[in-house]
Structure formats: structure tokens, C-alpha cells
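Shared between the two complexes below is subunit A, which has subunit B as its partner in the first and subunit C in the second.
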Partner chain A sequence: MLASLPSALQTLANYRIHNTRASKEVVDKGKVLLDAQAASSLGDDAWAFLEQLTLAAIDVANYEVADECLRQLAAQFPGSPRVDVLSGIRMEATQPPEIALKFYDELLETDSSNAAIYKRRISVLIRIGKIEQAVTELSDYLDTFYTDVEGWVELAELYSSCNQYTSATRALSHALLLAPQNPFYVLQFAETAYTADDIPLAIKMFMLALDIIDRHASEESIPTGVSIRAWYGVKLCCRALSERSCSSASDTLLPKNLPLLDELSTERVLTAYSAAGKDNATGRELVLSWMGPSDRSGGRLHFVR
Partner chain B sequence: MVNYTVGQLAYLKIFFHAAKHPHLQVNGVLLGKKVSETVEIIDAVPLLHHWTSLSPMMEIGLDLARRHAESLELQLVGYYQACERLDDTALAPVGERVASKVKEGFTHAVALVIDGDKIGSPDNAALIPYLAQSPSSSWRPYTEAGTAVPFSSGSSFSLSPPDLPARAVSLVRDQQLQRKFGDFDDHLEDVTIDWLRNKAAMSFDIQE
Partner chain C sequence: MSSPAVSLYLDPQIRDWVLFPITLVMILVGILRHYVVLLLQSPPKKLPKAAIREQRALSRSQILRATSANSPIPPSYYRSISSRLHTAFEAGTYLKDGPPQGDAPSTPANPMTDPAAMDGMMAGMKTQMVMMVPQMVIMGWINFFFQGFVLIKLPFPLTLGFKSMLQRGIETHDMDVRWVSSLSWYFLNFFGLNGLYRLILGNDNSAADTSQAMMSSPFAGTNQPGQPQDYVKLFKAEKDNLAFSEGLYLWLGDDVETRLLRKYSKL
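Entry: the complex of A and B
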């Protein structure tokens, strides 16, 4: 078992770097390390490991492991705001939400600059279904901590979950200002704009997402990953634009030469399927029939009344 | 009132989808057919787990799933979803829209919401059926006449075979088949992922 420790450590470090939420794996591997008291051999990495294991253990409801990690962390860093956050999360797992909210309120009274505590508070509000209050508090929080990109994205998701798609695009535009090179935020913006029925804005953002992705890809390459999704989006917008008149609440101009763009998006999506090989023949055929001239029994799905 | 039966493929796919993303909302559609007075829910196609409140990929996925159903000589007969929070069993505005869309093509459409508190117990279907009078009316949890609860004996809803929850729990717990399971969101990032059939996750020995 000891021979597998280095590889377990490596895996856990990888999860930390990539922010992978593989809680069960983390607890399986981490518990072995904890029992072997291997943390002391990690040096400063030990604390990051214990924090990771605490969160994963709470995730899979292994509170014994979580409490042991917390005990070690609290002994090393008494009064640390970062450990306070972990203690709060542990509290959220088994205590009523009111208790956790009270705990966070008290922490904020002594130190109002702890961004993570604000965010925990907001996440508790979301969990108990107080979405309106969560939106208000998150907006206030972002007034102070404007550069928190994830905060803006979360705000957009809250708005979307309440059918307020125009407010969602407004929140996402802050995320785009702060992280203009992140294709995922652009893609989320595009899909939100489409849902808000601003098709010209949606197609523009789908194409912007592709532009950002393509900066890192060679020309004529096979679309992979997030670009397949974006090409599907372009295709869907082209189709909407050819079927009905689409207004734009944001006064976005349409791209030139839509028919060509329509053709290109079809070709790009199908290329991804062709490259995937013969095993995928039936899936490709289905997509091909969907791509064909508009014979859609389905039609548009209105999320906004 | 027609009866509804949920078959093995459909139930396991719903279960695997929810088990793969325990901290996210997931959704998909149900495939089946109506045989005399019974709607047989035979299969399911998993759609989203990323941005479940946004419509474009849902629109495409729904369209492709419908075509896939037709190729199997089935039709879309319903919608399913699991919520992010365990205690949340609301169909949510988006779920209602999608379910209504399905209902436009199939009068007896049903929406199944996973009961997060009960899922994982081997003797409970953990599914809450929602029905609507018409595509434009609102969706309500179905309550049986009398005292029976849905999926109990005597209910209009049943699992076929009845021990599906126990099977699902053991396939997730012992074989972790949910890890081999993929939905349309996964497929959009890697088109080799077989979201329509999910053969890899369904490769256990099926006993009919």
C-alpha cells in the first residue's frame, strides 16, 4: 500500500490543479494518506491536501474524516479565515441552515473583508430557495468585489434560473470584461442571448467564442471540444434567422453573408462527426438529417413567456 | 386515466444520469409508445447538465432525440429531471416548457422529477410524476385517487420489473456504470460519446 502513496499524492495534486470535483476518489485515496500519517511528508502541500480532503469528505458525507482534517488544520492555523470557511461548510452539512447563516454573520461582523464568507452565505441562501435575497446579496457583494468573475457568472445563472435572461446577459457582460479570453463565458453569453430571443447577439457571440478558440488552433483543423458546441449554435441561429424575422433588443447587426455562414457551420459540425470514425455512423446520419433543409417537426422552444 | 410503466432502460438511464452529477441539475426525455391504455416508457435520452436554464442546446437535443425515437419506431412521451438540491422536487419553469413541448406531440406526456431524498433506497422508485391537462396548462404532481402513492401497488404508475430501484443502486454502487454514461452536453464536447444509446453504460447483462 505504501508503494502506491506517491501515485495517490500525484493524482490528488492533479485534482487540485484542475479543480476536479472527484470527491469519492479523493476520499478513497486521501483516507489512506491520512491513516498513514503521510501528510507530514508533504511539507507545505500538506495543508492544501487536508483542505481538499475536508471538502471531498463533506461531499460524500464522511464526517469522521472531515472532522479529523479540520482538527489538524485548526491546530496549525488558529483563527485562520480559510479554516473558518471550512468549518462553516462542515456546519452546513449537518446543521440547520439558520445556524450556518448565524455563524457567517458573526464572522462578517468581526471581519467584513472575507469574500469567501460572503459567498458561503449566499450559497446557503440559494440552497434554502431564497433566490431573490441571494440575488440582492450577490449584487451587493459584487459592488465591493467587482473583479470576482465567478461571482458574475453565478449571478447570471441565478437570473437565468428565474427566467430573467436579459439581466443574465448583463451580469455575463461583466464576466466578459474581466476575462475576455475565456471562451466558456462567451459561449454562455451566446446561449443566454439566444434564450432571451436576441438571435443577432447570440450568433455574434457564438462566432466570438469560435474566434477565441481558433486563435489556439491550426486552420482547417477538426472542430473539437467547445468549438463543436459553438458551431452547433451558429447553425441554430442561421436557421432561426432564415425562418423568421428576428429583432435584437441590443441592436446588434447581423453578420454579412448568412447563407455562407450557414453552409460553413454545417460543414464544420459534420467534419467533427466524420473525424470521429465509422462507429459513429448512425449519430452522424441523424445530425445530417437535422442539418438538412428545414423540416423540423420540433421548432423553437420558448423559455420566455 | 391511462397507465404508465417505466421499463429497465429508461429507469437505469435516468438513475445513472442523476448519479453521475449528484450536485447538478440534469434533464432528458423519455421514449416510448402507447399500447391500448398504457404508456410504455421504454427508453430515455439524457440531454443536459451544464446550463439547464438555457434553451439552444436543449432545442437541438430535443430535435435529435425526437428523430432518434422515430428511427426506433417510438416517440417522445415525456421529460425527466433531477434537481440540484435534494429537497427540491419542483418541475421549475424550464422543465414545464420542455414537458409542454413534448406534450404538443404526445397528449399523454408525463414529466418525472427525481425525489432526491428517496433516491438510493432499493425499494422506492424515487420518481414524482407530473401531469398537465393541456400543453398550455400548468404541470402538477399526480395524486392518485384514494390513498395510494405513485409507483406503489395499485397506482397508475409502475416499474417493470418492480425491482428496478434495487438493480440501479447495485449497478451504481458495485459497477459504477454511471461513469460510462454520457449526455448531449458531453456529446457536444466529444462527438464519440454515444448519448443516444449509451451502450457502454448499458452493457450489463440485461434480464428481460
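Entry: the complex of A and C
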């Protein structure tokens, strides 16, 4: 038993570094450590371990372990905002949300600069379905803590869930400013714009996402993952643009060489599906049949080649 | 051994009762000072939300400006954010105490009247006192008991220029520069022990930076964190910067299709 302790500690430290949410394993391993009082041999790492174990234990509804950890943490750091957040989460797990909200309110009254508490409060509000209040509070929070990218993405998702797609793109534009190197946000922006029926903006953003993802791609390389999704987006936008006249709420200009783009996106999506092994044969057929009509209607698009 | 005639013979008692005690006392005082400073440090004061908002408002526009030449967001979005910040800076929405009333001249608050700034200054003063007082006491102690003592002989020759550095407190013209006086030994330790403190107390200790701290006046160092900044003025300057970067603004998406088509050699 004792021999496995160092390896267990190592695994847990790894989880902490990579932010892995493997709550079951953490509780299984952590419980042994907690019983063996191994935490004291950890030095300062012990507190990070206890925090991790608390969250994991609440995750799997093992409240005795969580309470034990919380007790130790509270004894070590009385009045710590981080422990306050943990006990708030513990409260959310078993108590009605109103009590948790009240607890957070009290904390904010004494210290109005605790960002984590605001976020917990907002997440409780979302959980009990008070989306409108959550949006107001989240906007207010982001007005102060502007650099919280996750906050902006969350706000965009909240707006999307209420069909407020234009507002969602506005929130996402802040996320883009804060993390211009992240293609996922660009893709999300593009898809939100597509849903908001701002096709010219959407196709531009899809292409921007591709510009980031496929930085090192060439004609021979096979699109994978996010890249396929973005090429699909370009293809969908091209199709929409060729079928009807699309207006742009953001006054985005239509890209030049649309027929070429249509051709390119078709080609890229087909490459992605024809290169993969046999396992997605059905997928390939579906894609081919979906691409088909548009290819046959090439005359309408006036393909250059 | 160039001139054995002038060579001095130092009493080993000087080594045992002067050289080592001075060094030891200085090391111990440095370590003690580290812990006293730790004790004196009050936890950083928590800012109210409005103050954080005021402080970070500038970074908002800096983030916007940072990418303006290759902006990831479309023109209409950029302009709306930019103009919103512009009006907010103009109206003083982000100011801690709300928009300024009337046209009262905005003077930076006197640090002596603001209790928060006063606290910061007091903390700085306390640290400075902890730095200075022991040094002055040690120097007095050495001057009083060991004035004019020659403590050691350096194992290497030096030029005459070092005389004032190594033989402070001994007014002889003829003595070899290699002999070090007690007061000079104190100064050598004072500036030279930083490495040792770093070794004993870790990198982030408050004993090692004595020499830098001693040079600065007790007010100069404390002003950086505690200084009340005039956000009205800062916001005014930021407004101009925003206007500049709006002129620089270029959307990455403007020619993205050309770039993509080129990459896949369709153009």
C-alpha cells in the first residue's frame, strides 16, 4: 500500500497540471492518501491536493471526503477566498440554490473583488434558469474583469441559447480580441454568424479560422478535425450565397472569387473523406451525394475552370 | 613578499574577535531583517470592484489597440467597441467615483489625505526603517570599537585607486593597498553578502536588496504602488491612442479568400 503512495501522488499532480476532470480516480486515490495522512508529507502541495480532492469528491457526491478536506483547508487558511469558493461549491451540491446565492452575496458584500465568487454566482443563476439575470450579471462582471476569455464565451453561449445571435457574435468578438490565436473561437464566431444569417460575415470568419488552422497545410495535406468543419462551413456559405441573395447585418463585403471558393471547399471536404480508411465509407457516400447537386449546378455558378 | 620590511603581522586575536564577529553579525542581522520585514508586511489591500474596474479600463483599450493593424474582428465590430470605449473615456464612465461633476479642475488627490495611499507609504517607511536602522547601528558599533583596525590582507595586489575603498578610516599614505580596514570590511560585506542571503533565504528575500533600498529615499520606492494615478488624464491620452489605432485598423478577413486560394494554388 505504502509503495503505491508516491505513484498515486504523481498521478494526482499530473491531473492537476493538465486540469483533467477524472473525479472518480482522484477520489479513489485521494481517499487512500487522506486516510494514510500522506498529505502532511507533501509540504505546500498538500493544499492543492486537498482542493483537488474536495472538488472531485463533490463531483462524485462523496460528501464525507469533501467535508473532511474542507475542514482541513479551513483550519489552515481561515478566511481565505479560495476556501470560501470551495465551501460555496459544497453548499451548491446539497443545499437549495437560494442559500448558495445568499452565501455568495454575503461574501461579495465583504469583498467585492473576488472574481471566482461572481462566476459561481452566475453559474448558479444559469442552473436555476434565470438566464436574464445571469446575462446581466455576467456582462457586469466582464465589464470589470475584461480579460476573462471564458466569461465572454459563456456570455456568447447564453445569448445563443436565447436566440440572440447578433449579441452572441458581439460577445465572441471580445473573446477574439483576447485570444486572436485560438481558431475555435473564430469558428464559433463564424457558426454564430451563419446562424444569425449573416452569410458574408460567416464565410469570411470560416476562412479566417482556416487561415489559422491550416497555416502549414498545402494542397496535398488532408484536412482533419476542426479544419473539415470549417471547410464545410465555407461550402455551406457558398451554397447559400449562390442560391439566394444574402444581406449582411454587419455590412461585410462578399468575398471575391466565390465560384473558386466553392470549388476549393468542395475539393477539400471530398479530400478529407476520400483519404480516410474504409471505416467511413457510408459517410463518404453521404457527403458525395450532398455535394453532388451543387456540382451539377456548376453551370449556375459559372466555374472558371 | 616584495618588501618584507613593511610587512605587518596581524594578531590572530583580531581575526577571532573582530573579523569573524563583524561578518557573523552582518549575516545574522540580514537574516533577522528578512524575518522582521516579513512580519511587518501587511497583506495586500483588497481593492473594491469599482477601483479594479477603473484600473483595468485602460487595458481594455490596449487589448483592442494591440491587434488593430491585423484585427481578428470585422470593421463594424471594431468600430462599435472603439467608439464605445471612446465615449466611456470621455464621459468618465470607468472612473471609480463616477463621472466628474461639473467642470471642477481635476487635481490628483493628495497622498497625505487618502488613507489608502497613506497606509502604503507607512508600510514602505517601516520597511525602510528596518533596512536602515540596523545598518547604522552596526556601523556605529564598528566605528566605536574597531576604528582604525586592520583586519585582513588580500591575497592579491591592487592598484592605488582602491586605497579609499579598502582603507577607509585609516589615514596612512604608505600602507600597501592589500590591507583592509574594519570600516571597509563592513562595506565589502554590506554590498557582497547578497549572494549569501540568496543562498540561505531563497531568491525572493528582503535582506538581499538592502544596497538598492538604501540608495533610494524612503519615499521614492513606495510611490510606485501607492501613488494615486490621475485616471482622468490617462483616459484622455488613451482616447487619442484609440483614434490613432482606428486609423491603422485593418481586418484580417479583408483578403483572406485571396490568401486561401493562393495557398491551394487556385489563383
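Quick note on the criterion: the second predicted complex is superposed on the first by the 245 of 305 C-alpha atoms of A that agree within 3 Å, B and C clash if a C-alpha of one lies under 4 Å from a C-alpha of the other, contacts with A are read in each partner's own complex, and residues count from 1 in each chain.
Here is the rule we go by: contacts are C-beta pairs under 8 Å (C-beta built on N, C-alpha and C of every residue); 3 or more make two chains touch, one makes a residue touch a chain.
Note that the structure is a prediction, hence the values are computed from the model and not measured.
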| item | value |
| --- | --- |
| Subunit C versus subunit B on the shared subunit A, clash or fit after superposition | fit |
| Contacts of A:144 with subunit B and subunit C, given as first, second, both or neither | second |
| Which superposed partner A:214 touches (first subunit B, second subunit C, both, neither) | second |
| First, second, both or neither for A:260, with subunit B first and subunit C second | second |
| Which superposed partner A:77 touches (first subunit B, second subunit C, both, neither) | neither |
| First (subunit B), second (subunit C), both or neither touched by A:251 | second |
| Centroid geometry (CA): angle subunit B/subunit A/subunit C, rounded to a multiple of 10 degrees | 170 |
| Subunit B versus subunit C - smallest C-alpha distance in the overlay, whole Å | 20 |
| Footprint overlap on subunit A, where subunit B in one structure and subunit C in the other make contact | none |
| Residue ranges of subunit C in contact with subunit A within the complex | 46-49, 52-53, 56, 59-60, 63-64, 67, 72-77, 80-81, 252-253, 256-261, 263-267 |
| Subunit C contact footprint on subunit A (complex, rising order) | 111-113, 143-147, 169-170, 173-174, 176-178, 180, 186, 201, 204-205, 207-208, 210-211, 214, 217-219, 250-252, 255-257, 260-261, 263-264, 267-268 |
| Subunit A contact footprint on subunit B (complex, rising order) | 23, 51, 53-60, 62-64, 66-68, 71, 85, 88, 92-94, 97-98, 101, 105, 188-192, 194, 196 |
| Of subunit A, residues touching subunit B in the complex | 21, 59, 127, 129, 157, 160-161, 163, 188, 190-192, 194-195, 202, 224-226, 228-229, 232-233, 236, 272-273, 276-277, 279-280, 282-283, 286-287, 289-290, 296-298, 300-303 |
